[in-house]
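Next up: some structures, all given as structure tokens.
Both of the next two complexes hold chain A, though its partner changes from chain B to chain C.
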Partner chain A sequence: MAKRKPKTNERAAAKPMSELSPADRKTLTALTGLGERVIACAERSRPPHLDIPSRTLSNVRFNQSKRILEMGSGTNRRELFNLSQAKAYMQTLLVGTGAKRLIEQGKTTSLRGLYYMLKHTIEGTKEETFDEQGESDSMIEDAEVLLNALREELHLYAQKRGEMVGPITVIDSGDEIDCTRMGSGGYGIPSIVEPDRIQFRNCKATFILHVEKDTVWQRFNEDKFWRKHNCILTHGAGQPPRGVRRMLYRLNAELGLPIYCVLDNDPWGYYIYSVIKQGSINLAYESKRMAIPSVRFLGLRSIDFERCRLTPSVQIRLNDQDRKRAKQIAGYPWFANKRPWQKEIDLMLKNGFKLEVESLISKDISYVTEEYVPTRLAESDFLD
Partner chain B sequence: MAKRKPKTNERAAAKPMSELSPADRKTLTALTGLGERVIACAERSRPPHLDIPSRTLSNVRFNQSKRILEMGSGTNRRELFNLSQAKAYMQTLLVGTGAKRLIEQGKTTSLRGLYYMLKHTIEGTKEETFDEQGESDSMIEDAEVLLNALREELHLYAQKRGEMVGPITVIDSGDEIDCTRMGSGGYGIPSIVEPDRIQFRNCKATFILHVEKDTVWQRFNEDKFWRKHNCILTHGAGQPPRGVRRMLYRLNAELGLPIYCVLDNDPWGYYIYSVIKQGSINLAYESKRMAIPSVRFLGLRSIDFERCRLTPSVQIRLNDQDRKRAKQIAGYPWFANKRPWQKEIDLMLKNGFKLEVESLISKDISYVTEEYVPTRLAESDFLD
Partner chain C sequence: MAAKQREISVSEFFTKNKHLLGFDNPRKALLTTVKEAVDNSLDACEEAGIVPEIWVKLTQVKPNHFRVSVQDNGPGIVKNQIPLIFGKLLYGSKFHRLRMSRGQQGIGISAAGMNGWMTTGAPVKIISKIGANKPAHYFEIQINTQLNRPEIKNGKGEGVDIPAGPKGLEYLASQGIEWVATYEARDGVPERDVKSGTRVTIELAAKYQRGRGSVDEYIELTAIANPHVTLHFEDPDGNPRTYARSTRHLPPEPKEIKPHPYGVELGTLVTMFERTKAPTLGQFFVTSFSRVSSAVARRICERAGVGIRMSPKNVPSEKANGLYQAIQETRIKAPTTDCIAPIGEDLLLKGLRHVLPGEFYCAATRPPAVYRGNPFLIEVGLTYGGGGSVEKVSLDVLRELLSQTDARTLRQFLINTFDGLGPDAADRILAEAEAGTRVAPGKLKPKDIERLFESMRNISVGDGQVMQVLRYANRVPLQFKQRDCAITDSVIQTNWRAYGLSQSRGALPAGPVSVMVHIASVWVPFTSESKEAIASYPEIQKELRLALQAVGRKLGMYLRRRKRVQQEGERRSIFLRYLGEVASAVGEINGVDADGLYGQLLKVAKRKTAEADMKLDERGKAIADEHSAFGDNVIIVEQDAKTMFGERATAAPSGNSPRSATAG
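Right, the complex of A and B next:
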């Protein structure tokens, strides 16, 4: 076989271990360990394999005492000398190699970037290492569980969504960002918010208000809600991306700030809440570093149509899919034995309609910031 | 008919005209004029009507000397006393009323917010003012052409996307934002960037590099490209939203900064370029305040597969839709008589594949920031 010329990106200078952050050193050690186990197998003439914690639903359980989703102990073996597993085995190690290179170079890339970095025709064949990005994405998830490292620790970022504003200073890659002086916008929450990149200073806030949508968040920001109520105001542009969840987790865990969520009165709103609180079923392994069991649901509530005397014009009829999802969510173990949540979901089904946070605009453009949320906060009227 | 109780949001305090910004005063005057013309009709016992500039394709033309898309002089009459037009007439005036209220209160809202603000059951009927948000969105576009005001001047915002970073200070609603000190992120470009809210200070940049995607922009930001090349670095998270286009327009028009675009080598990349440069066909009336005829296309180019010696692994096959779109774009009047563009699109079709900017990562993770873009800039190698 012809000797392969090193590609440009393999020639880039690697930082010595001593210049890396403690977090990077830890991840790099896990990655190196992975490689060393392959060598050990080879030296003992044993077939190399990986035991990858299983990411299937059957290996996910709700930990009642910690109140988060966790992975069970099931693993799947992936062997090099097994025709049906050889490609996946090679792909897993390739992802590990890519992450190692990124950490050593002190650079980060997107999931798509890593796909392009690792995609090539295997020499002497017409076979591609990866045919589609979906394949490398799936291997990244395997690498996360195998190495017990978040993908952010593997130096991989996602698209950025979500913002924050309020009385706190964020040190981001050495720059001081005063989140009370962000103009009409907010501090864009990065995809990677690990402690070696992001630190907190001068937090004067007493709680966090997390709002579902960008456009609703703008109303709160324009009305300077965070100043009047001395809080940090965040949004996740819908289902919050990992960076936002991890940021909320850190603000809660490190600064002890309670978190209240303002989400739509619909199954999607419930689901967003469920993911922030317990973690996601698909990526249960990340819960221990992202799920926030103490988070609370402030509204909208199914009683709000009556309670706030809204016009029938704002009702949005539930469709079959909504009803199905609502029942599914009501059956989740972490909702199943909570009477207030059962009543909440029941009432929505009985109403036959859902309500968006924006529907409160029909009362007044600032009703949500001046009446709705302040009243709920004053009365400690939340769902847990 | 029972007398209607005023809704909460109609009771909110209005700012006196003297406290409004000059831009708001101008928009409010246009809105008031609209109402006065209705009264004048009523007093002369004439049926009220609106002559709304037509937003159809046939009323759009490419102005060769200004090099932007413009609306023609065609209008459609909308009459109150015409059964098929009465509802649309009423909806247009409702949108005007909503905008007037927002300006007077000094508040802004989203398109969805305005929909909820104006939606109600018409008294004595079962008819809703708007059944779906699509209806109010369309009326907002009518109001824009009718009043010669951008929707941002009507105090309506869209979802925020896009960021900027580089040697410039932005004054946003009174807060000074130093765009060289934004950490791992950037200044999130607001949806409304009109001069009464956003001003520029201390610009030391000599050009703007506009990148298509958030994830690619992060590579440029991490490599501090803007510092090495003394430029402002922006992205629009795909097709740039109006706020980003208006920001680029203002930076170009007010500070004289030339703009270079780094977009994918595919029909979607060409289209993004076309909209930034000439304006969009659907919203031609906004071109005169958003289109930037001097903008240039830096890459990716169809010759890059050969020129950069890329691996075949990064090719993405063109599908039928791609081929159709490419031919359509080649036929646009503003591309039709440009030989370099015709060659560019021809070569992509001949190649049979498209290339994403990320494909350059196959060379090296920083190839795009350290070699590709610097070389194009040094050689002034652009498409116009």
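Right, the complex of A and C next:
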């Protein structure tokens, strides 16, 4: 049966090893090592397997001194000769071939692009190698931890999300971008923002204001908040993608800009803050390059309903899932011993409602940019 | 009123109650006639120690008028007995003794002859020959129903003697009388003369229809339970079929026994008192019954308060009742059971294997037991797998079946005609054939029939199939009243789910299974004279249950093993599916030879799945010889290795191969 699958794409002139960057060479070596382990197993008639570092809550621990999430040493074994794992094993290796092709040709592609690159019918069957993109996405994350290589190093990028604006010039792949002259839009933060692609120039900002979503960001941009307060204004369209997080990290680490967040007063907002600050569970292995322990939570706070004298009509009632999630977040070790955070979450639960940033518009259209945020900043009123 | 009272002759009684004997409809009449003749022939052969060979021929004389001819190679019948055996009801050697035999009462063949004469006016024709050089006797007999007496029609009431040798054969030919004079050459044995035997020919109003409850089925069932018999059958269309014997060993001759006291009823006891020649009660008990010693006789008499020296003829009726009670209360040893000749597990397997296709066969024979003083014995054989009757049928036969059936709808036709075909399977066949369920079977166009035939082939009816229960009493198949029979009850009450079959409450289990149940006894307790169903005595039910459980356990083991092998096959096919991809991926990453790597991985895959497959028993222990776990009396037909191990055949056309896994 199935011999080699017919080559659909004749390999375009592959760059010789010497022309590759050191990062690419490292990735390729890791890939070859992966294949060699399979060959070694086959030669000794042993069933091949992969030990993949586990990306679960149980294998994540909070590093108290660095105040970031780190991945533990736990691994999951993935075996070729195991009914429930055989397909995943094959898919992991397929992602390896995809990465190799991209590196050798010096190109990058999106997650969806890789999905299409690797998707084909298994010879002699009606089964597809990948049925949906979700399958290949999770295999890519496995490959990252398995090869100890970042997604960027596998020449893959995610969908671009999030924008920034403010007194800074960004050099993106050689192009100078003045972020003060972005019009009504902003500079779309790319998925890959590594130093070899993106450099900073002429930063005059003194801090960064990160807001949750595009609509709020538009408000701030229209009111030219960043000009008045001399700051960089970013948003991550909800849960910020890696590019945005990495960009924030670099701005904070390289330029020493403090970061303040304006997020919704709900468990989702708390979690976004948690991810920016400590890192996410799923990508714990990247915390050291993304987590920003010094970030601050500016609002909205549970006390804001009374403090800003909002009308009851802006309340959104908490549902059971919200309550459950809030309790879960309150129990995270990095929140557990912070009294103000415990009080904050308790109060929200006691209120029984959540507040969106947009609810402040009920006071005045520019209340948030002219009153709320400036006051908080002036009073240094924020949660850590 | 009193003037109208008069004696009713037995023959008259039966002409008015034909259903009691199995002549209630033309189709059943044909079967009963064949059956009585064949049963008699087999009994005669076995008693004479001759390996039986039977020729059965059905000829259609007119519409709904058939001629049945059955010839055996038995010892033949002496001249003056012939008219009585075939022309007098309740005349026979079997009624007054307790001995295992097919016939019991001596009603059968004479009733068949009577039915034939009543419906067509044709006499019963008998030819019998008792030795190679002896003349054959030829009689045409008719029964006088008033007097229950035979009347000989030919040779001026004396019958005709046909001389032996070629001259006699010429005479037979000139008279248009059939007689098989030679055995066919077979297995290197040349043609030989048939030295003796009897041929009975009966014409009757009848209807010939294949399917369930047919003559064809009876012949097949008889072949299963009588592997020592060669059966030749020619149906009305002239298609000959032969079921060759698979052994030449006759079943051991059953011994005749005296009745056991527990099995005797009060009335019988009184009759025995009157008829006995024994001078005292003590001697009466010892000589008339089995298992009664003089000590036991004394105990019975003491318990009843009757003197042991009293003459049986003088026992007053209330004392007779006392004696009857005393018998029930006295401990008497169970009757000897050596009077029963089981088919034997070995021959049961041979018989099943010979006639029913399948992949697994097992059998169990219970030790003899006793009900109401009558020894009996239960044997069970089981076949698993193999196509049902649906897959065996040919296109021509299907056409014919369709034209003959009296079912109103096609669905009904399928369910009624084919054994083990449940409503589910019928629906699937009809859906595949794109035929409506309510179409009349007779109105199908030739093209529709072809499509129906195709879909009967293609649909795997194994899932929708219901267990087929083959019932036998003293080697005679029971084809009717399945629902009223103790055997069917016991099969339904057995928990087949424990043995890997699916079964709904109060129903026969599903699956391609046939169970053959044989009850052998000196006196089989039928529920009626037409001998179609076994009565439920607790002792019989218990033995049935134990026997069914014995074969069930073996089936369960086999099915578990089969399932495991199948699972391994599926497992392997899943691995194989991904191996190619893995090999070429590694080939691309490392630049090694993907084919070589594939070969190496394939080896690992085979070893990995072979490790788990065959060598374990159901407790997971490794066993050296897989057959030994089943014990004796099991035949496993090895399956095609490809379908067993899921070595993926790219296009499996038949629905029978284990379904290929879609999980992944």
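The rule we apply is simple: the second predicted complex is superposed on the first by the 314 of 384 C-alpha atoms of A that agree within 3 Å, B and C clash if a C-alpha of one lies under 4 Å from a C-alpha of the other, contacts with A are read in each partner's own complex, and residues count from 1 in each chain.
Throughout what follows, a contact is a pair of C-beta atoms (placed from the backbone, for glycine too) under 8 Å apart; a residue touches a chain by one contact, two chains touch by 3 or more.
Since we're looking at a predicted model, the values are computed, not measured.
Asker: Which holds for A:Glu358: it touches chain B only (first), chain C only (second), both, or neither?
Answerer: So A:Glu358 only meets chain B here.
Asker: Quick one: is A:Gly96 in contact with chain B, with chain C, with both, or with neither? Answer first, second, both or neither.
Answerer: In the superposition, A:Gly96 contacts chain C only.
Asker: In the superposed arrangement, which partner chain does A:Phe81 touch: chain B (first), chain C (second), both, or neither?
Answerer: Touch status of A:Phe81: second partner only.
Asker: Using the superposition on chain A described above, determine whether A:Thr56 touches chain B (first), chain C (second), both, or neither.
Answerer: In the superposition, A:Thr56 touches no partner, neither chain B nor chain C.
Asker: Tell me which partner A:Asp175 touches in the superposition: chain B (first), chain C (second), both or neither.
Answerer: first
Asker: Using the touch criterion from the header, give the chain among chain B and chain C with more contacted residues in chain A.
Answerer: Touched residues of chain A are more numerous for B.
Asker: A:Asn148 in the overlay: touching chain B, chain C, both, or neither? Say first, second, both or neither.
Answerer: A:Asn148: touches no partner chain.
Asker: When the two structures are overlaid on chain A, which partner does A:Asn202 contact: first (chain B), second (chain C), both, or neither?
Answerer: The answer is neither, since A:Asn202 touches no partner chain.
Asker: Please work out whether A:Lys119 is in contact with chain B alone, chain C alone, both, or neither, and reply first, second, both or neither.
Answerer: In the superposed model, A:Lys119 contacts chain B only, not chain C.
Asker: A:Thr109 contacts which: chain B (first), chain C (second), both, neither?
Answerer: A:Thr109 contacts chain B only, not chain C.
Asker: Please report the chain A residues shared by its interface with chain B and its interface with chain C.
Answerer: 129
Asker: Going by the contact rule at the top, pick out the chain A residues touching chain C in the complex.
Answerer: Checking each residue of chain A against chain C gives 1-5, 31-32, 34-36, 38-39, 41-43, 45-48, 80-81, 83, 86-87, 89-90, 93-94, 96-97, 100, 122-125, 127, 129.
Asker: For chain C, which residues are in contact with chain A within the complex?
Answerer: Per the touch definition, chain C meets chain A at residues 571, 574-590, 592, 594-595, 597-598, 600-601, 603-605, 607-608, 648, 650, 663-664.
Asker: Which residues of chain B touch chain A in their complex?
Answerer: Touching chain A: residues 7-9, 12, 102, 105, 107-110, 112-113, 116-117, 119-121, 128-129, 157, 159-160, 163, 170-177, 181-192, 197-198, 214-215, 218-219, 222, 237, 311-314, 356, 358-359, 361-367 of chain B.
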